[in-house]
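Structures incoming, each one as structure tokens.
Each of the two complexes below includes chain A, the first together with chain B, the second together with chain C.
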Partner chain A sequence: MISLDRASLRYGPILGLSPTTFELPDGGGITGLLGPNGAGKSSLLQLLSGLLPPSGGEVRVFGEAPFRNATVLARLGLVPEGDRLPMGLRADRWLRMMGELSGLLGEALKSAVARALATVGMADRAHLTFARMSKGMRQRIRLAQALLHEPELLILDEPFNGLDPEARLTLIALLRDFAAKGTRILVSSHILGEIAQLTDRILLLFRGRLLAEGTVTEIRQLLDRHPVELRLTGAAQVLARWAVEQPELAALRMEEGAVVISVRSPRDILPRLQKAAAEGGIPLSALDPLDLNLDAVFQYLTKDHA
Partner chain B sequence: MNAAPSPLATLRAMALGYAPRILQGRGWVLAALAIAPVGITLLVFTIMRLKGMEVDPSEPIKVFHEVIVKMMLPIMALVAAPAGIREDLEQRTLPLLLVRPAAVWAYPLGKGLPWVLWGAAWLLLSVLGLQLVGGDPSMLWDRLLAVVGAWWGELALLTLVGLVFKRGTLWGALYFFVWEPFVRIFPPFLQRLTFTHHIESLAGSRAAQVQANQLLAQEQAITHPALALLALFAFGALCWALAGWKLQRTPVGLAGSEAEG
Partner chain C sequence: MPIYAPTLPPAPDLHLGQPPALVIMRFDLTRLWRQKIGRFFGFAFLMMLLWKVARIYVDHLLQTNQAFKPMQEFAKTILTQGADFQADLLNPASYLLWFLVALIGGGLVARDTLYRVRPLMYAHPVAPKDYLLAKLGFASALPFAILLPFALLPWAMSLLLAGLHGPVWATAPLRLLPAMAVSSVLMGSVAVGASSMAATPRAGIGWVLGLVLGLGTLASMIHTLTGFRAVDGLNPVMLAEAWPQLLVGVDHPLVAWVPAILGTVLHIGLWTFVAARRTRPSEVVI
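And then the complex of A and B:
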């Protein structure tokens, strides 16, 4: 369905995506594109959705180059990042126009708009202009426009940004439903937890490079190899004595009233830490992760690859 | 899979989809710009007549050439053009249109059509309103065709300039308010590169005779009215086509920037 052969993208002198090669097979399923901000996720999605042609290499979607290719574009839907819609227009009329631009006419158009609005739960509020809608409502309409023509490939760029927890759960359920019905979904995020809730397959991007691809478990194992710093506040001597007995410990330093430990596989050590604190085995008053952000993890992975 | 819409279907969808925009603030500003000179002229003439003062019958023609053609038409184009496809580029809503299997080259004209029709309707009203006050009735059709042709051409030019240059409105303003006024001192070849020349060829204006106080003035070049009208519409069509070609060829990403392809 999708294949990249050393495809790269430059924005003038800036490299948006290094030569990247990968393939996604036909059929339904969700693939997560994970990476910190500036990793090249949007660049990759723009290549796949035909917005930008590659600066080098080759991009094929449904066997053809997607840039300004109506045959390819008729089979894919894009939900771009950001809250950008023509504010002065009514959602239902705008969706009608988008449907017509996707080749829908007459009754087919009418039912496609009604179906898309019902799917995203906006059927009763579609008469509002975008300016009068909340951010969450606009996000639903952005999803609806991508669903109008029932695409075989649905591309979503950071779709969870700005959504409240309920809207997130609804979106996750919707995407799973589409995937189960045979739609191939490519969704980008910089938050592993979001992607992990959705997908069985992850592509890991960093600084314009495809670092790794695999299942959520494989990526988690990869990430777990990165030592994470935790600050344990309490009686530092006792906490340090407990920490040195843990097999995951990579480094330790003392601070006033706290000990900072560097551990591998934090998901293994944290339950033991919690249990020991709950049973009174260690005098722990606070626990602060110091570098649990994805950027730190990716920095580590890049060094690892080098 | 649905078939890609035809260029005509694309034009229709864009024109109908964006038509409500003309009934919002910018659309009414456009209407006011077209109607204000006529409204003021009508008011002044009515007051003068009520007071029994003599009214100059050539005044409406001066209003047509000096106010509507030279000032209001360009300002209307400068107001309307940024609401065309340039608006989607600036507001970053263009990618949503570009990932459709439609004819991308038809987008600028499709989005511009409601503005063309809306502006033309008000300009026609404006010219008809002036006729109530005076002016040669035998030239009425010529004046109507001249403003509609010029409006079509000027809006198309500014749409194209808005896609080619980052500061399209500025370049457009320079063209209309710096280049066009030079028509009086241009040699015939350069006169033909102005809207003013074609409008005057159609609707008549300055005398062909140069007066003694116009030291730098050149003789007015003459173009057949039918050719002048054809030139206005053909130039507009060319600009719409070039704007479509530019959009079709230019990679526009989610950030609105052009990538090196």
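And then the complex of A and C:
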């Protein structure tokens, strides 16, 4: 569905995105585009949504270059960053114009607007002007705008910015629902928690470079320089004695009622740990991986490339 | 067993719509309609139009009613006649029309800049040239639509009352309509070009008025200092007034043919170029 082959983007002398290569397959699913501010997330989304041509390399969406390509643009929906909408305008009128720009007319347009509004739960409030809507309501209308023509690819640039927790949860549920129905969704964010709640598959950008691609577990396994930290809760002394005999151990520290071990290949040590616990060899009451989450992966990657 | 992605529902037919430029123009028109900005201007233009039509009727009375015979000569000295009269059908609306174009045209592109509408539009099957065409088309169609009754209503009245011998030439629309078209495109391109340089609608209005009045003042100063009349071709207000005069063949038009053509081409070309540059996708995403 999406493929980048050494695609880069320059804003004059500033490099917005270094030559980047990756592919996203066909079919539904959510991919999180993660990175701090200025990482190049918006640049990448602008390339994919056909707003800008790549300065180098090649961008392909649905097998074609998206820049000024009406065939591609008709199959994707974009929710750009920000909350600026013409405040005096009614949401339904705004949606009708956007629908017409997507090539809808008459009954098809009317039913598309009604369907999109119902999907985002705004059918009874679409007659309001944007000025009379909350931020969450406006974000739903922006999402409805992108859904009018039933896109196969939905691109959202920082969609959670400024939303309250309830609106975030609603939006996350909506996006999961679309993905389950077969829409490919690309969501950018600089907030790890949002992406972690939404998806496990990420593209991690930092300073205009694609640092990693895949699921959190896949990426974590590639970070050889950072052994995985496991907290073993139980009789700390016995657990520590067992741990120091393991060849994968890189580091160990004692905590109250627990021992935290750093191991290079958790896949090898975990079966032995399981076996020892099952046989009563070690008094293990809990096992917590401390840095197998997105937060840790992000920290390690950005620190390594800083 | 492999897991397949769910099949998407059939996509809607996306080839029913109108050209994007037309959709954007229609949207701007309905937005303008709802703003009710036209009440004051509608009243002012209506009064001017009534005066024009009344003038035709007065002329008819002077020609046909014996009681007004003694006033005929006096009327000729105070009322414009011949080619001047034909050109004058469009001119009184000039400054007011420029003000209206600034008020509406100034926000046309600037409003979209403020609300970041263009990235959204360009993410639809809308090319930058569609957008520019829509804005230029709307900003030019507005003065043209306002001037249309000024050209046609007195002409129809004159034909109705006095036939081919009325004060308005039977062929006047053939000269006035092209003049209106040129003046309207000039007004539209200046307004859109100026609006594209602004970040808010109010700033856009300021830009249009600043450009129009500033260029007028500059041209007037150079004219006064050097005595070089052709420099008036830089003044957009004078250019818009000069085209009806040139096309109906007034003896002493405000701007001569060559400076009028050069000035008009310069303004339309320059401001369209500015608007095209400022509404490029690379400008709108930053």
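Assume the second predicted complex is superposed on the first by the 219 of 306 C-alpha atoms of A that agree within 3 Å, B and C clash if a C-alpha of one lies under 4 Å from a C-alpha of the other, contacts with A are read in each partner's own complex, and residues count from 1 in each chain.
We take it that a contact is a pair of C-beta atoms (placed from the backbone, for glycine too) under 8 Å apart; a residue touches a chain by one contact, two chains touch by 3 or more.
These numbers come from a predicted model, not from an experiment.
Superposition of the two complexes onto chain A shows a clash between chain B and chain C. When the two complexes are overlaid on their common chain A, residue A:T31 makes contact with neither chain B nor chain C.
In the superposition on chain A, A:M98 makes contact with both chain B and chain C. Of the two partner chains placed by superposition, only chain C is touched by A:G106; chain B is not. Of the two partner chains, chain B is the only one touched by A:P54; chain C is not. By the document's definition of touching, neither partner reaches A:S18: not chain B, not chain C.
When the two complexes are overlaid on their common chain A, residue A:R10 makes contact with chain B while staying clear of chain C. Contacts of A:R84 after superposition on the shared chain: both chain B and chain C are touched. Contacts of A:G182 after superposition on the shared chain: chain C is touched, whereas chain B is not. Contacts of chain A with chain B, set against its contacts with chain C after fitting on chain A, overlap at residues 11, 42, 46, 49-52, 68, 70, 73-78, 80, 82, 84-86, 89, 93, 97-98, 100-105, 108, 145, 149, 152. Contact residues on chain A toward chain B in their complex (touch as defined above): 9-12, 16, 42, 46, 49-55, 67-68, 70-71, 73-78, 80-82, 84-86, 88-90, 93-94, 96-98, 100-105, 108, 142, 145, 149, 152, 157.
By the touch criterion stated above, chain B contacts chain A in their complex at residues 1-5, 9-10, 12-14, 16-18, 20-21, 24, 87-88, 91-93, 95-102, 104, 248, 251-255, 257, 259-261.
Those residues of chain A whose C-beta lies close enough to touch chain C in the complex are 11, 26-29, 42, 46, 49-52, 68, 70, 73-78, 80, 82, 84-86, 89, 93, 97-98, 100-106, 108-109, 112, 145, 149-150, 152, 180-183. Residue ranges on chain C touching chain A, taken from their complex, read 4-9, 11-18, 20, 23-24, 27, 30-31, 111, 114-117, 119-127, 281-282, 284-286.
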